[in-house]
Each structure stands twice: as C-alpha cells, then as structure tokens.
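What follows is a set of structures to go through.
Shared chain: chain A. Partners: chain B in the first complex, chain C in the second.
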Partner chain A sequence: MSIVTVQLGQCGNQIGFEVFDALYSDSHCPQGLCSKRENEVYQASCKERFFSEEENGVPIARAVLVDMEPKVINQTLSKAAQSGRWKYGQHSCFCQKQGSGNNWAYGYSVHGPRHEESIMNLIQNEVEKCDCLSGFFIIMSMAGGTGSGLGAFITQNLQDHYSNSLKMNQIIWPYGTGEVIVQNYNSILTLSHLYRSSDALLVHENDAVHKICAKLMNIKQISFSDINQVLAHQLGSVFQPTYSMEGSYHYRRNPLGELMENLVPHPEFKMLGIRNIPQMSENSLAYSTFTWAGLLKHLRQMLISNSKMEEGIDWQVRPPLSGLPTLGKVSLNRELHFNTSIANLVILRGKDVHSADLGGFKDPALYTSWLAPVNAFNVWKTQRAFSKYEKSAALVSNSQFLLKPLDTIVGKAWNMFASKAYIHQYTKFGIEEEDFLDSFTLLEQVVASYCNL
Partner chain B sequence: MTQSVVVQVGQCGNQIGCCFWDLALREHAAVNQKGIYDEAISSFFRNVDTRVVGDGGNISKGKICSLKARAVLIDMEEGVVNEILQGPLRDVFDSKQLITDISGSGNNWAVGHKVFGRLYQEQILEKLRKSAEHCDCLQCFFIIHSMGGGTGSGLGTFLLKVLEDEFPEVYRFVTSVYPSGEDDVITSPYNSILAMKELNEHADCVLPIDNQSLFDIISKIDLMVNSGKLGTTIKPKSLVTSSAGALKKQHQKPFDAMNNIVANLLLNLTSSARFEGSLNMDLNEISMNLVPFPQLHYLVSSLTPLYTLADVNIPTRRLDQMFSDAFSKDHQLIRADPKHSLYLACALMVRGNVQVSDLRRNIERLKPSLQFISWNQEGWKTSLCSVPPVGHSHSLLALANNTCVKPTFMELRERFMRLYKKKAHLHHYLQIEGMEESCFMEAVSSLSALIEEYNQLDATRSMPVEDLPRLSVAV
Partner chain C sequence: MGRRRRRVDRGAAVGALPEAIAALSRTLPAGPSPEIFRRAKFDRPEAAPALWQLLFRVLSPLSADGASASPAQEAQVRAVKSELRSQGYPRRALAQLPEDGSQGSRELLLALAWLLARGPLLERLLAQTRVRLGDEIPLCECEALARPGPPVPRVEADGPVDIRHLQWLMGKLRFQWRKLITSQQEQCALLGKIHSYTRGCHSDRSLGHLSVAETELLRDAEGGQQLLRRLESENVCLEAALRWRRQELVFWRWMDTVLGTCPPEASQPTFVPRIPERGAGEWELVARELQALQEELRGAAEPRRAAWEARVGGWGPEWSAVQRASREAVGLELAALQRAWERGGAAAQPHGPCRLVKSDAGASGGPGLRAAQVIEVLRSREACLEAVLCQLQRQCRQELARLAGALPGLIWILPPGR
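Right after this comes the complex of A and B.
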C-alpha cells in the first residue's frame, strides 16, 4: 500500500527531499546483509510504498510539493533531478509568487481557500497513481507561515475528502531560541488545529536533532542539510519494510495503518516521538560492533528517562515499583523523572534480529494502567540491515516525551498573548483573539491529559 | 518571486538611490555570470528590448537585453536628477519614470507636502501605477528620503498616504535620514516632526539613519586603512563604502561613501528574498516578526563587516567577531544604545557560508548581555542566505526593534520645541494653504504618544519576569 507525501513550505520541501533520498539510498544499499532475493523483495516493497514507476525506469517520488514562493521548490526539484537516481513528478508542484510571511493566519485563511482546489487536484492526481492508498504524510514546520498555516488547512481538507485514509503529520518542532519570533503563536495554532483533523502527529525536534549532529555525528559546522539528513534517517528506520508477522518473511503491507492502530488508541493522545539507536558518523561506524542486548538496554533507558539520544542518558531513573498505585496528578514543576508510556513500537533491523530479547519493554510498570503491555507494546523486525548499520533499532513512542516541550511552547505563547503583542498581524487576516483562546484551551487539555498518565 | 519598486525623493533620496542602483547592478553582475534574466534580477530590474518603441518592450525570460531599474525618481529641483541622467547610470533609468520641477521646496515641509503634493498627485499616481503594472507580483515599495529638508520630507511623506490608499496590500519600507544635531538646515526640526507624524501613521517599517553615524563609520574605516598596521591590507571591493565604479579610495563626491553604506543596507535587507538559502526570509516576514504593535515600527540597523581583511587566516573567530560587531555601537547606522535599552525583537540576516550551528552558537553567546522584553525573551528572527555580498565571504545585517530610539525622538522633540516656542520661521509654513498651527500640535502629540508607548515598555524592565497564571482546565 502506498503513502502519498505532501511537502509544505521551505522546511517541508527541504526535508521531503532528504527523506526520499534516504529511502532510495537505503533500498539500493549493497550492504543489506541478507540474501539477494530478500533484498529484491525489500526494494520492491519500499518502491511500491514511496515511488511510482516511470517509462525509462527512473522512479518518481509519490509526492506533492507545495510552497507559496518558488525558490525552494526550484532547488528541490533540481537537486532530485541532478541525482539521476530518482526524481519528482514534473507536474507535482504548486507554487505561488509571494510567501506567507511567517503568518499562520495568512497561510490558513488566505492561501488555504485561495489555492484549495489546485492543491487538492494535485493530491488527487498522485492518489490516482496508487494501486492502493494507505494514507498521507504531511511534512511541515510549525514555526513559519506556509507549513504551519497552509499545512493545517490542507490536513483539514484531507480529512474531509479522504476520510478513509490515514493522515500522519511530520511536524518539525522549532528550536527553543528563535528561528521565528512568532513561532510560539504559529505553533499553538497549528497544534490545536491538527489535533482536531490529523490522525497522528510525529514530532521531530530541531534542538534534539541538532544535538545528535553535534555529539553523535561529530559534525563541526552543522547545516540544515545535516539536520534534515538525520531526520530522514530516523523516519526511514521506521517506515522501511518490515516482516508482517513473527516468523514470516513477507513484508508488512500497511505500516502506517498498523502503526496508528498500535500507537494511537485514544484520540486525546496523538503525539508521537521517535528515538533511534545507534546514530553515528560513517567513520565511527567502521570501528563499532553492537549487540542487541546492549542496543535495547540503551533504548529502553532512553524511553524511561526521556533522553533524546544515546549519550548522556540518566541511568538513575527507574520505573515505579509495580503493585503500587500509579501517581495521581503530577505537578509539572517537579522534574518528571519517569516517562510513562501509553504505547510503544520498536523496530529492529539487521543481523540475528530474531534473537533480540524485548522483555524489558513489556514491563507493565512502563505503561499506564488502562492498557495492558500485550496491547501497548509491539515490535516489527527485518533481517535486512538499514543504511549501513549492521544492527539498528528505532522506537516510536506515544508517551510523555513531548509533555515538557509542549508545556514550554504553550507557556511562552501565553505570556506573549497576555501582552497582545503581534496579535494585530493575525487579526488582519481573520484569526481573532477567540481563536487563540480556543487553541490555548485545547492544548492545556492535552498537557493535562499527558501529565496525568 | 516578488518585485519591489524604489521611490527616491529629494536630493538625499536620489543620491542614495543612485548608489543603491550602482551596487545592485554590481551584485547581480557578480552572481549572474551567464547573463540570463532570472527571477533574482527581476526583483529590482526590468528586462527591456530598447528597440521597441513604447511599452511593449518588456522581456520576461532569456538573455539580458537592457536592464531598467524599477524606480521612480522625484525631485522638485532638477540638478540632482539631471546629474544622474547624464552619469554612468543613465541607461538604467526609464526617462518616463521621473517627476521634476524647477524651484525646489525651500527646505519647507509644507511646500513639499501641500503645494507640490497637490500639484503632482496625478502624475505621481500615474508613474506608480505604471511601475506596478510592470511587476508580476509587487510586494514592497522602498521609499528613500531625508527628514530634514522640504522635498524628501514633505513630498516623500505625502507619497506614503497615496501608496497606502492606492496599493493597500503592498508594504511600505521607508529609509529615512534624520538630521543630526549640528544640521545646517535651521528648520529641520519642524520638517522632521511634521514628517514623523506621517511615518507613524502610514509606513509599515522605518529604518532611521543619521549622518553622524555614517560619518563615524567612515572615519573608523579610514583609520583602519591608513593605520599601516601589519596585516591590515583590505581586500579590494570589500569596503562597505566603495562603489562599483570607484577605482581609488578617494571618493569623487562628498556623500558617496556614506550613501554606499545605506545602499548596502538595502541590498542586504532584500538578499534573502532574492537569493536562495537554507532559511529564507522574505520582506513580509520582517514586518511580521519585528513589529509587535503597529506604531512601533522603527528598526535600528547595523551592518558588519565594514571591510574584509586580505589576510584570511582565522575563519571561525572572524565569524564570531562579525556577530559581536553587529551589536556594537560602531556599526550602527543611527546613534543609539540598544545594548542598554530594551529589545522588543531582533532579526539577524546572514549572508554567505554560515550555517545554523554558527548562528545558534553566537545567539547563545550574545543573549546574556542583551535585555529582551519579558514576553519575548527568545525574540530572535534569523535568516541564512547562501549568496554573500560582493567582496565578502559573509556578512550580517542586524535589525533591532529597541526602545533605544526613544532618546533620538525625544531630542528631536526638544529641538522642535526650542524653535516653536519662539515661533521662529513659522510664518514660512503658515502662509501655505492648508497649514495651521494645529498641524504642528498634532504632529508633536503624535510623536509624544509614540515616546509614551516606548516609556511604558521600558517601565516593564524593572519588573521581575514572572510567568503568568495559565488557563486551568478540568480533566
């Protein structure tokens, strides 16, 4: 089953390119560490999901590129075409002349309705090329104007027009210190709208990925390109093909659907985070060996202690003793040491994957009381190695991972809102103070829900 | 990609404008090696087939034939504009885009605004409409003028109202040269205050500049160049004060060096909109991020580096030095002290081979020494443009919305009151039809209201930064 990707704004398009590139590179990677036949099945599965066929054999990404000004799309299209390995469809992009000016209201209320028909037509064309549609990826940033505002609008439209298909929004959480001054306003407006119309929000934090680049990948002068590549790697490690059942060698047909089913049991809890291990520069890779036991031990501790990468993990954090009643309302002011999960999905790729012991993840103490570990925890496997890592593990988690960042953004936006700064820029385009208040209310609810796990 | 139109008014406006077009051509020549008319050039220039008579000559793609500036030149005396039309840039300007008169405005805002405004309103509208028609997607008008004189100040601000009415969706960015304390035009305080009222009400964004700061920058550069210290040979063409045509360091005209600084400001301001980069910043984003309240749209600008040393040894330290310099008083285009005042918002527009990690490292480093208002503690807007300016490997333009402009405005009001109390030279203004004493009073109270807004924000500095109580929801 295929996934159609909608890339929105500068961030969405820049990342989208890296994602397709990573998926393609991995599926054509010679070091698959498995049989040739298996490798071919893996390639075919990846291809069906993310690429469509072209006459002369060059795969075309199943993507629609949308931006309100032309520079980034032009760059993205030419980069893909120049690689010679895959490309974007000639008629898959929608572009205007003037951007959204970092204004959520402009993206949502002006660009949205104005260009609704054209954009939905493009998406329809892409959908028709699929034999069987699993759902949509919508890649967007929260801080700007197009990705955030237009992204929210398009997601709502997708809900109306494709109610049977799933929508996963890949959201880029901005750096804490300013990329955009009004990023907190744009973020809360985006999150509150997406919460109503999206099926799952897979969050990628710039700060976290930046640290991975600095500490683990040892990149000296980190560019957005580096950040986007790490992000693409994380996404690829989740959505590349995996076996459909324990002991089976057929690949899973609908990862998106199964992921949603496993990880989003309740509509109040839609925020997902990704962690993966190991993560290192190619040079270091040559000198490292891994065991599943070691990788999984670290991954589990990363989950429990809410660590974003495998360095600097706090090993003091332990799950609460089972048998004791779960804590009631936890004050956010106190350091939330232990990260409670609703549901987790671990994806293992590589050598001897069937020997990996996942008992540590099935401990009921890790989870809330209203979902038994047998339902809350799932694992996907494949023997085929991912992107040159002999063994690698990824974790997609619906847990309190994003509680603190969310709370921080809501707090900052609230402080700014109290002074009414910048509000005139939004009311100019139809987003009133009431809309802000609605957003705050919804998000405070989400914060409280996650807090009370 | 959008287009912008530059409207240069008065002697000062036109001289700065001239330097701007000179540098813009040089920049595009350096970037666009193949001579193809692309979207970046189209933001400021039209491509015209000069063989075609009349209006049909616009070429939208292909090789560059003849570039015409998207500009409207206005002056109420002929000297400056004539000089431009006889100089090396004569082919860049469309002779139909000029409005001139003979007698000048006599350093009288009322003559510029009321007399010439009324007289030339139709013509001005026509030229503006024409220039807008030549644009695919017009985003911004850049108005360049001085505040102290008659034409730039009076007619320049008259224009703002016209633009607001005729093109309400197009941004109005005004580069205003404020009179220094030792200005030789006696009535400059009157002209400035009357013009300020118009800027308050009709401009989207104002970049105030003063001659004294520009002069200080030049002195600093001269000192550097002539100091004869080891390792201080300057790379050719890298002086922020050098013009495209200048072969020697001595400038032919007295204000050339200073005008080039302002021209560089405008080029850097629009660079991320014209050229590609990993984090683009369009002109509408400047207004969105840096103007928290409609009245507070005065931005202090500072430009670094002022020159590039030929010795290219220590890249990272030079990069970090560039960021530090942007916050030093020596690099500002207006005399003010942002470091000791309150920041409402700050934008860093970087050009060249600078990446996001360099940006973040420097923001972390500089943040502790700057005071931001309580509701905008992380009030930074950043952009990365891959194309560096000519002669440099990277550059930084910092725009700050800071309460440090308050003293400048208070001083202006002070000078105004000194003249007004004695009713000095007032009759020159009052004899113009439509001018009354109430015009002056309204202008002063408009300025006072602005100063009061800045005062209120400054007052929050002493208050502790507390998080406000949040909405509590029932779960």
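Right after this comes the complex of A and C.
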C-alpha cells in the first residue's frame, strides 16, 4: 500500500529529498545481510510504497512538492535527477514567484485558498497512480511561514477530500532559540489546526537532531543537509519493510495503518516522538558491533529518561515501583523525571533479530494505568539490515516526550499574546484573536491530558 | 393376477419411500441416512443426535458455512429450539425435550417436515451453498441485518473503567474501519484491472470477460481440479433435489402416518416460554425495577401533562386543529421518508449477491441491473441516513447545551473536532 508525500516549503522539500534518497539507498544497499530473494522482496515492498514506475525504469517518488518560491524546489528536483537513481515526477511541483514572509496567516488564509485547486489536483494525480493508497505524509515545519500555514490548510483539505486515508504530519520542531520572532505563534496555530485534522503528528526536534550530529556523528560544521540526513535515517528505520508477524517472512503491507492503530487511536494523544540507536558516522560503522541486549537497554533508558540520543543518558531515572501511583499529576514546575508512555512501537532490524529480548519494554510500570502492556507495546522486526547498520533499533513513542517542549512554546506564545504583540500581522489576514484563544485552549487541554497520565 | 399386481405396486411403493428420503437427505447438509428417519418414526433415541445436528445445520446456515467446529450438543439443542420458536413452531413437545439431545427423534422429524412444508427450504439452502464463479457483490443487506450475529462475548470489568481506555478502543475501531474501506477500494481497483485485461476471453458473450475465479482457473491447474470437484458435488445435490421433487408425495403420505403415531397433545394454543430456574431471582429483580421505573415515569409525566394541558387551554377547537396539522405533517414526513428510501425501484433490487460484469459504455440493455441505477438507490438511502444522523446530532448538541447551561460556573471544553 502506497504513501503519498506532500513536501511543503523549504523545510519540507529539503527533508523530503533526503527521505526518498535514504529509502532508495537502503533498499538498494548490497549489505542487507539476507538472501538475495529476500532482498528483492524488501526492495519491491519499499518501491511499491514510496515510488512509482516509469517506462524507462527510473523510479519516481510518490511526492508532491509545494513551495511559494521556486529556488528550493528547483534545487531539490535537480539533486534528485542528478543522482540518476530516482527522480521526482515532471509535473509534481507547484510553486509561485513570491514567498510569504514567514506569515502563517498569509499562508493559511491567502495562499491556501488561492492555490487549493492546483495543489489538490497534483495530489489527486499522485493518488491515482497508486493501486492502493494507504495514506499521506505531510512534511512541514511548524514555525516557518509558508510551510506551516499552508501545511495546516492542506492537511485540512486532505481531511475533507480523503477522509478515509491516513494522514501523518512530519513536523519539524524549531530550535528553541530560533530566529523567527513569531515562531511561537506559528507553532501553536499549526499544532492546534493539525490536531483537529491530522491523525498523527510525528515530531522531529531540530535541537535534538543537531546534538546527534554534533556528538554522535562528529560533524564539525553542521549544515541543514546533515540534519536532514539524520532525520531521514530515523524515518527510514521506521517505515522500511518489516515482517507482518512473528515467525512470518512476508512483509507487512500497511505499516502506516498499523502504526496509527497501535499508537494514536485516542483523539487527545496524537504526538509521537522518534528515537533510534545506534547512530554514528559511516566511518565508525565498520568498527562497531553491538548486542541486542545492550541496544535495547539503552533504548529503554532513552525512553524512560526522555533522552534524545544514546549519549548522556540519565541512568538515575527509574520507573516507579509497581503498586505505587505513577508520577502523574505533577505540576510542571518540578522536573518531570520519568517519562510515562501511553504506547510504544519498537522496530528492530538486523542480524539475529529474533533473539532480541524485549521484556524490558513490557513492564507495566512504563505505561499509563489504563492501557496494559499487551495493548500498549508492539514490536516489528526484520532480519534485513538497514542502511549498513548490522543491528539497529528505532522507537516511535506516544509518551510525555513532547510535554515540556509543548508547554514551553505555549507559555511563550501566551506571554506574547498577553501583550498582543505582532497580532496585527495575523488579524490582517483573517486570523482573529478568537482563533488564537481556541488554539491555546486546545493545546492546554493536550498538555493537561499528557500531564495526567 | 390382481394380487400380484398389488404386490408389485406395494413393492414399488415400499422402495419409493427410502429413495425419496435418500434424495431428500442428499440435498440437505448433514443429511442422515433413511434408516435414521425410519427409527425416528418410532421415536427411537439413537436417531435423535443426528436429527438435532441436521436441524441445527438447516436452521443456522450462515454460521455453519464458515465455522469448522460445530458447537456442543447442548448449544445446538438450545439454538434449534430458540430458532424454531422464533419461526412460530406450534408443537410444545419439542420445546420440552431434554437438552442433552438424547430423545425426541419423532418430534424432530415432525419439525423437519414442518420446515420443509412451510417454505422453499431446500431451494434456499442450495442457493446459499452455490458454487460461485463470478465476482459477486451483495446488493442488499436485508438478510444479514435480519439475522442477529453470534452473541457478543461480555467482558466483565473488575473495578471502574477508565474512559480513556474506551476512547482508545473506539479509535482503534475507527482505524480498522478506514483500513477496511481502503482495502475494499483496492479490491475494486484490482477487479477493474482483471476485468479490463481479460476482455474478450470469455466464451459467454454476454459476460465478455473473466472473473477472478475463472482467471485463477486458467492459472492454477490444481485449483481448477478443486473447483471441478466442487461443481460435481453440487451437481449431485441438485440432481438429488430434482429426484426429491418427483417423489416427495410418498414422503408426505408417510409423514401423515408419523403424525398418527404421536400421542394426542392437550391443546394449548399459546406458547409460554419457560423461564430457566436459576434466573428466577434475576427476573424478579428486573420485574421490580420495571415496576419502579413505571411508577417514576407516571409520577414525572402526570404533573407535566397537567401543566401542559393547562397551558394549551384544554381541548378547545384550536387544539384539534393543531393536532390535525401535526398529524398531517408527520404523515407527510413519513411518506417522504418512505419514498426516498424506496426510490429507484427498490422492488427491482434482487436480494443476495449479484455477479459483477464490466461492459462497454453505451452497451445496450441486457439482463441485470446497471451500476448507475444501483448507485442512485444507494445514494438516496445515504441521503436518508445522513438526514437522520444530522437530526440525532442536533438533538445531542441541544442536550449538551442544556447540560452545559445547567451547571453555572463550569466551563465545558468540547473535544477538538470539526
């Protein structure tokens, strides 16, 4: 079942390119550590999901590129075409000549309706090429102008026109010390709108990925390209094919659907975080070996202590003893040490994957009281290695990962709003104070729900 | 000479009965041997289990089709009794048979004959187990809706249930629903492809293209053999059904004699369902609760009715005019609803599944329904249901508004949704 990706704005397009590139490279990677036959099935499964076929055999990414200025889109198109391995469709992009100046309201109220028909037609073309549409990825930044406002509008449209298809928004959480003054306004407006029309919000934090690049990959001058590649690696390790069930060697047909069913069925809890292990530069790969026990122990502690990467994990954090109430209902003034999960999905790839012991993730103390581990925890496996890592594990978690960042952003936005700073930029294009208040209400509710786990 | 002829006649008659019963048995699912029937006439206990099984298979064909393991004897007995009762079977003796299924073969035989005599039982059973070669879609769901499904297993919650868990489960259900719809869309797309690609391959011109089963037939020889075997066994059943039709008179004459061997029943036209012993206490509780509710209702309704009557000002002439007007309005609405539901000629809709055939646009009429017609009917039904949904949602909203207003100082935050 196929996934159509909508790449929005500079952020969305650059990341989208890296994602397709990572997926393609991995599926054609010779060091899969599995039989040739299995490799072919893996390739075919990945291909059907993310690429469509053309006559001369070069796969075409199932993607629609949208931006209000042509520069980034042209760069993206040419980078893809240059590689000669895969490319974007000739008629899959939509761009205009002017930008939108980081104005969320302009993107949502002006660009959106004005270009709605063209963009939806592009998406419809892409959907028609699919034998079976599983759903949509929408890659966008949360705080920028074009990507965020337009992205919110497009997601709403997708909800109206493709109500049975699944939608996952890949949201880029801005740097805490970002450059856009109104980024917090944009963020809360984006999040609240997406919460209403999207099925899942998979959040990628710029700060976290930046640290991974610095500490784990040892990159000196970190460019956006490096960050996007790490991000793409994380996404690829979740959505590349995995066996459909324990003991089977058939690949699951609908990972997006199963992920959603396992992690985000509750309408109030849609925020997902992603972690993976190990993460290192390609040079170090050859010199490292890992055991599943070690990897899973680190991954579990990353989950519990809300650590973003495998270095600097706080090993002091422990799950509460069973029988005692979990540390929910704690006011956010105190440091929330223990990260309570609602549901987790662990994806294991590589050698001896069937011997991996996941008992640590089935501990009821990790989870909230109203969902038992048997329902809250799922694992996907394949012995086909991912992207030259002999063993790798990824975690998609619906937990309190994003509670503090969300609360911080809402707090900052509220402080600005209290003094009505910069509101005129929004009211000028139809986003009234009412809309801001609705957004605050919704997000406060989300924060409260996650807090009370 | 006459005596010999009579002997030959009786010999012929004697042979005809087992033949007729054998034909009947062959047509029925799990049909027992004629010997069982003969023993049942004399109410022999060893004939009972086979007849319970037969009745179970006949009465609940939908479940027996897919389920490989038939339920336990007692469950079968209970199911048969309840199904016969709901169809109006008049003889009390059957309801009083023991649940271990060890007795009552004659009563069971009578019940079978009753079912056979009532309606086209055999035709219905044969239609259900027909081997289908085409790609079928169901056009109307009335049979599925009329028959309640298997009882839902009740899960007792120990302690209070967190509503978040319920919301979680509802959400999962919704996702699975969407997955189902997506799968159906995929199936339609693929069927369309197969029908287009195999155009011109079918020997039957009116069909023109192959179905999935027929395509598989060509691709997979082993599957083809299996299909052939199924068709052959179906043929045997159908031939048995034809033989039965020719010979059934003999069977009915014999059933008269079976009825004759029964002891006379004390006539009691009404059928009182027997309340099982262990539930007696619960029934009392329910009865008392119902009574209390009734009192409460009466107590609540009386003053309101009185107040309303006072407001309306008695049963004056304006009241009867109002009454007439509202009755007319309701009648109109009901008629409109009915018309909308049946628009498109619902009478023309066949029940049960129909074979999908893809033909060229503009191909002139042949037998069968056009997809456009079916779609129109479905759309009008959808509009009907949407209207009902909107009304129910409006009522819910009003109720919520009333509740919100009832508690001042409390802020209600509705869930995010549009």
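Note that in this section the second predicted complex is superposed on the first by the 450 of 453 C-alpha atoms of A that agree within 3 Å, B and C clash if a C-alpha of one lies under 4 Å from a C-alpha of the other, contacts with A are read in each partner's own complex, and residues count from 1 in each chain.
The criterion applied here is as follows: contacts are C-beta pairs under 8 Å (C-beta built on N, C-alpha and C of every residue); 3 or more make two chains touch, one makes a residue touch a chain.
Computed from a predicted structure; not experimentally measured.
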{"item": "Chain A as common anchor, with chain B and chain C clashing or fitting", "value": "fit"}
{"item": "Which superposed partner A:Ile181 touches (first chain B, second chain C, both, neither)", "value": "first"}
{"item": "First (chain B), second (chain C), both or neither touched by A:His424", "value": "first"}
{"item": "First (chain B), second (chain C), both or neither touched by A:Asp131", "value": "second"}
{"item": "Partner chain in contact with A:Asn103 - chain B first, chain C second, else both or neither", "value": "first"}
{"item": "First (chain B), second (chain C), both or neither touched by A:Thr441", "value": "both"}
{"item": "Larger contact residue set on chain A - chain B or chain C", "value": "B"}
{"item": "Chain B versus chain C as contact partner of A:His266, first or second or both or neither", "value": "second"}
{"item": "Partner chain in contact with A:Lys71 - chain B first, chain C second, else both or neither", "value": "first"}
{"item": "Where chain B and chain C come nearest after superposition, their Cα distance in Å", "value": "7"}
{"item": "Overlapping contact positions on chain A, where the chain C interface meets the chain B interface", "value": "441, 445"}
{"item": "Sites on chain C touched by chain A in the complex", "value": "162, 164-165, 167-172, 174-176, 178-179, 181-183, 185-186, 189-190, 413, 415-418"}
{"item": "Residues of chain A that touch chain C when the two form their complex", "value": "1, 131-134, 159, 164-166, 192, 195-197, 254, 257, 260-261, 264-268, 369-371, 375, 441-442, 445"}
{"item": "Chain B residues touching chain A - in the complex, by the definition given at the top", "value": "1-2, 39, 136-137, 139, 276, 278-280, 282, 284-285, 287-294, 344-345, 355-358, 360, 363-364, 367, 374-382, 384, 467-468, 470-473, 475"}
{"item": "Footprint of chain B on chain A - complex, ascending", "value": "10, 14, 69-72, 75, 97-103, 145, 175-182, 210, 213-214, 219-225, 227, 410-412, 414-416, 418-422, 424-425, 440-441, 444-445, 448-449, 452"}
